[in-house]
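Each of the two complexes below includes chain A, the first together with chain B, the second together with chain C.
The block that comes next holds the complex of A and B.
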């Protein structure tokens, strides 16, 4: 094992298809037109010295180190800014170039501290490398004159010197070491799109500064790390590198936070993780990352991690540590007892969207083959189940149609109910890049999300609809497209069922769907809807991206169908730049759905009533599989309250915190006789558990995650599991204790079983992934290289299906007692229920959940910014602090749900999507009033949580 | 079966019916039945039938119309 060194070509690749041939140092090179001479040289294996260039951003031409000579041309052009031309003869090394370069380096070094031996970048510093490359042997100028290096000059205070900025928890900025190459500034602009950094001053006085000469924490910086990666010196350095030292080997793996699925190099020293560096060959992220994947891995070694299995008779008892064998035996005995006593259908399992495909597959196999029923569900139930249903109906398969690269070809992007800069930051950055290049943006969201207006990005249309009226708006947009003759009839005739289209077209054309008619309840001015519809239908490649603001509604599935209708009616399916793109929340939501986590579906989205599919698995597993659908999470809880569901195995999910109507979840769990929680921490659900099985982190196991673009990425083990076993091993041992003959020696064998049984995975194997890097399913005989874009020559179901989408107002309505609408969301630095991110330094960005409220509503209630307020709905109440902002419209309030003490889901009701029971998180009628402290429920809850976390013989486990 | 769960089931069934009511008429009842057959676990369907057999109070007419097409699970 060694450190993976990625080649930096100096400038981005050219997309041109015209090739140009030139000679560099006597070698003939052929490259696409528009390529820089620097890049062409690197292609030929010739490394031209450089400091200000990097292939992550456009050339800048400031350091003058990369000069070359071209035969017949005067002067010494910079190779990074000079494009190739046919037939030119370039020399990268001549006596004249050598002299100039040494002179340039001498100047740099004369204003740079010479403490290389103790510098954190020692061994990973481009300034050092370049000094070596140009043969710098002495420096004639000392620090007597002007410099940025010394705090004092001859006893006098040096006004040019600046102290280190250590405000960011993950990296430092040491201005004394800065060579003002502006790579950081350009990375922040071009790669991340935040524009937090500037170069102030001129010439020798120029300095990098965050924001308006603030420290990094106070600036707009979102801590993505792009500048740190771009910095050629130790000026911007990860604190972990300062603390530990340079890594010695690295392993490519996949982020375990969100559905973007960024590839990272885990850079290691022994089994210690030094840093995570985004991998340029990662096809989802192309070398970029966000603060979570890049820096927030500290939870994996957090002291709260539970490392020994534990058991207790009653949930009011303290936990008792036991051996793994005892724990397995206990669970096996309990589940068998319960099934004997209450029937085969009285137990079930929940798979995790945070675990690997292989682990998920095993949990559903345990339920189907071991428990003998289909009572398996996953947390995707509470986020993207309507995507599965809606897209399945319309297109025939329940997955996003594009890869992320597709956004580079988009002309009009529509974002509905998603907040990509916070929820899917790396995709957000890629989208913003495309918008800066001129693509148009339409945002449909009750809240003015960051992307509506941010530096150098402004949405052409923001439709600030009332929460719960998605279907009305989308049907209205369809109305405009159809009635104004903007439908792409050629596409529809060829690709869709024409008579279904006609039925649908006459439905949406009804006058009551017109923007003028829907304005009354959506709150969106009709001309905005018309404008947005025309832009989408006529603006070129149109792509729709959507998130939980679409799915988590009582009409979630209907909204997904409405989105599919819009893509089809405008012909925006089946090529780069278009499509329907669900932005998945957790890292492996896609994978957990693919792997048969739903109670009605076997892996590969095949209904359990399908005899042929069941037979495939029955033969392999040697058992009979039930042909009846099992219980979904909410149904399991209902059945538990009714006394017919008694035992559950929950892997890597915290349903008490993530599912709606906390009190109902608590009642359901409390009614069960054996709740087994398999997780890293004593999460909230574990308060109701009888058995706790310690889990492992993504750093501690092999496997695969499938991201939102259906990309199967490898997860690679870089350290030994602290708890002793990867999660798949625990599930296997549990299955063995229940008498099943499972003998997987490695997750690759599980993947082989998946490939053998699931047609869309037929060619997937670890060897193949090793060779390809990653593939997007379907990956089979028909699509051996995988499928970046789906439905290219026709829909999976044959003809695309237009479906009528009638708006139905949710039953969750405001009234005199609950006059405001609450909608919920997430923010960048925290992840879902926050169990991981809360155990990292990311808390500096989001120490608590706040309630956003419009100034008008706040004033009416006598609430000032930062006040404690009581938030009440029909379901319950909680308290949190207010944040007064006009991002939300009057009548709408908004909060996140990252912290268990807030218990935002005490507020949410149990209304849910008609088709999938996906909870309606996005609309709850509430009242808000001043308060002076935590609610009774919060206090009781805290006390109960504290009690239930006791471990016999140990001090209380701290939260 | 608790009263609570029963109320919920009726609510869910009606929600499904509300969607299919807006679909072309000849597909509506079949749509409701197919949906329930595909996604409702037998004990939920059993409970639904208990309610229908008891008069089906509160259920949307479309659910009642679909009932003959919904698979009746064996008695528990």
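The block that comes next holds the complex of A and C.
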């Protein structure tokens, strides 16, 4: 194994289809028109010395090292800024060029410390490489003059010297080593789109400056790491590299945070992870990264990780460490006992969207084949189950229609109920890049999220609707499109069922769907709705991106259908730049749904009542599969409270914190007799568990994740599991203990079984993924290379289906007791329930959940910024501190759910989507009032959690 | 003479200036000039306001502000004396002139006399090379400056 070195072509690729042939150092090269000479040379394997160029950014031409000579032209143009031309003859190495380059290097080195041996970048320094490449032997200017290197010059304080900025927890900025190539500034602008860096001053005084010459933490920096990656010297360096040293090998793997599914190189020293570097060939992220994937992996070695299996009789007992064999035997015996005593349907399992496809597949197999029922569900229940249902109904597949590259061809992007710059930051960056190129943006969100307006990005329309009125707004937009004659009739006639369209069109054309009529309850001015509708229908390629703000409502499925209607009525399906794109919350939500995690579906979204599908699995597994759909998570909890559901195996999901109405979840769990939690940490659910099986991180196992664009990406093991076993091995051992004859030796064998049984995965295998890098399902005989874009020649279901979307207000209403609407969401630095990110330095950005409240509402209640407040709904109450902001409209409050001490889900209610039971997290009527401190419930909960985390013979686990 | 305004409603005035000028093509420099005109310098509190209004980042506005030596971060003295330090002026006795000015005022370049009367600054070329050495006093250029002229300028400033 060795370090993966990616070729840096110096400038981005040209998209031109016209080819140009030229000669470089006597070699003939043919490249697309518009390619730089530097890139053309690299294509031919000729490396032109460079410092300020990188193929992640546009050419800049400041370092003066990449000069070349062109026959018949004067001077020495920079090869990065000079495009190729037909027939030119370029020389990259001539005596004159060598002299000039050496002279330039002398100038650089005369103001650079000569501490290479002790420098963190030693072995990974482009300045060092270039000094070697140009043959630098001597610096004629000496080192005594004006410089930025030494704190003191001849005993006097050197005003030009600046100390290191170590404010960011993950990287340092050492101005003494800076050569002012501007790569970091350009990476921040062009790659990340944050514009947090600039060059302050001019001439010899030029310095890289974060914000207004602030430290990095105080600036607008979002810690995505693009600047660190771009830096050719040790000026911006990961603290982990400073601490550990240079990595010696790297392995490409997939990030385990959000549904973008970025590819990273895990750069290792032995089994120690030195750093995660975004992989340029990663087809989801194209070399982009965010603070979570790039830096927040420290949880994998956090002291809180539980490494030994544990068992206890009662949840009030302390935990007792046992051997794996004892744990498996205990679980098997308990589940058998429970099924004997309470019936076959009394146990079930929950698969995790955090685990691999293979692990998910095994858990549902364990439930279906081992438990003999269909009581399996997944956390997608609480996020994207309406996507599955809605898109399945309209198009015939339960997945997004595009790849992420598609955004590069979008002209009008619509973001509904998603906050990409926080929740899906890499997609956010890629979208911002497209917006800076001139694409238009429509945002439908109760909050003014960053994408609505941030440097160089501004939404053409922001529709700040009242939470819960998505369907009304989308139907109003459809009303405008239909009544103003903006529908793409040719597309509809060709691709969709025309009579259904006519029915739907007459429905949306009803006057009560007009923006003027819906304004009364959506709160969005009619002219904004009309403007947005016209822009979307006529602005070119229109793409809809949406998140949990769409699905987590009582009409979540209806909203998804309304989105599908909008895409079809405007003909925005089936080509690059358009489509319907659910932004998946977790790394493998798509995969866990694909793998048959739902109680009514076998892998590949095939209903359990379908005899042929059942037969496939029955033959292979040698068991009979029930043709009755099993229980969904909320049904399991209800049944538990009723006393008919007694045992559950939960892999990698913290339902107590993430599911709505915490008290009900707690009551359900408390009523069970055997709760098995398989996780990295003693999470909140584990407070109610009888058996704890230690889990492994994504760094410790092989497998695949499927991201939001249906891309099956390899996850590769880079270190031995600290707990001893990958999660798939644990599930297998558990199955064996229950008498199942499972003998998978490697996850690739599980994937082979998936491919053999599931048509949309037919050609997927680890060998094929190795060859292709990644593929997007469906990947089968019909689509051997996978399917970046779906429904190209027609909908999967045949004809696209228009569905009436009648707005029905949720039963959750504001009133005198609860006059405000609470909606919930995420923040950039934290992830989901925070089990991972809270155990990293990411807490410096978000140490607690805060309640965003409009100044008007705050003033009425006598609340100042930062005050402790009580947040109460009819379900429960909690306390947290306030954050006064006009991002939210009057009447709306907002909080995140990353911290268990806040427990935002104590507040949320048990209302859910009519079709899929996806909880209505996004709308809760609440009241807010000043408070002195934690509520009784929070205090009781803390005490209970502390008690429940005791491990016999060990000091209390520090939390 | 430079106008000194108390730092009262910096952000309010900034907003008004930005509002006036943001329709221009490339409005940032005109806005910075106007702010310097208004306050006599560019209060750093203005920069985030400009950034927000023009939808730029704070870093970008700071980058532009700090690039131009004429935009000052702190108020100058009541008068500003700039001496050209470029090649032509140096060859015509600019160095001696600069030394004399420093001695007369008792300050170095970039400093202001303790009484707040004069700020002394170097400038790199006023475009008057043919009649070097040159100087600029409160925005007015002076050519072929000799010791007497300098003394007169300093006396004027001291008044």
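Heads up, the rule we're going with is that the second predicted complex is superposed on the first by the 959 of 959 C-alpha atoms of A that agree within 3 Å, B and C clash if a C-alpha of one lies under 4 Å from a C-alpha of the other, contacts with A are read in each partner's own complex, and residues count from 1 in each chain.
Here is the rule we use: contacts are C-beta pairs under 8 Å (C-beta built on N, C-alpha and C of every residue); 3 or more make two chains touch, one makes a residue touch a chain.
The structure displayed is predicted, hence computed values, not measured ones.
With the two structures laid over each other on chain A, which partner does A:803 touch: chain B (first), chain C (second), both, or neither?
A:803 sits against chain B, while chain C stays out of touch.
Who contacts more of chain A, chain B or chain C?
Chain A has more residues touched by B than by the other partner.
Who does A:195 touch here: chain B (first), chain C (second), both, or neither?
second
In the overlay, answer first, second, both or neither for which of chain B and chain C A:210 touches.
second
Taking the superposition as given, does A:408 touch the first partner, chain B, the second, chain C, both, or neither?
In the superposed model, A:408 contacts neither chain B nor chain C.
By the touch definition at the top of the document, which applies to A:456: first (chain B), second (chain C), both, or neither?
After superposition on chain A, A:456 lies in contact with chain C alone.
Touching residues of chain A toward chain C in the complex: what are they?
Residue positions touching the partner: 194-202, 209-213, 219-220, 453-458.
Enumerate the contact residues on chain B facing chain A in the complex.
It is residues 1-2, 4-5, 8, 12, 15-16, 18-19, 21-24, 35, 37-44, 73, 76 of chain B that touch chain A.
Considering only the defined contacts, which chain A positions touch chain B in the complex?
Residues in contact with chain B: 343, 345, 374-375, 503, 554, 557-558, 599-600, 607, 609, 628-632, 635, 638-639, 641-642, 644, 803-806, 808, 910, 914-917.
In the complex of these two chains, what residues of chain C are touching chain A?
Where chain C meets chain A, its residues are 44, 47-48, 51, 55-63, 66-69.
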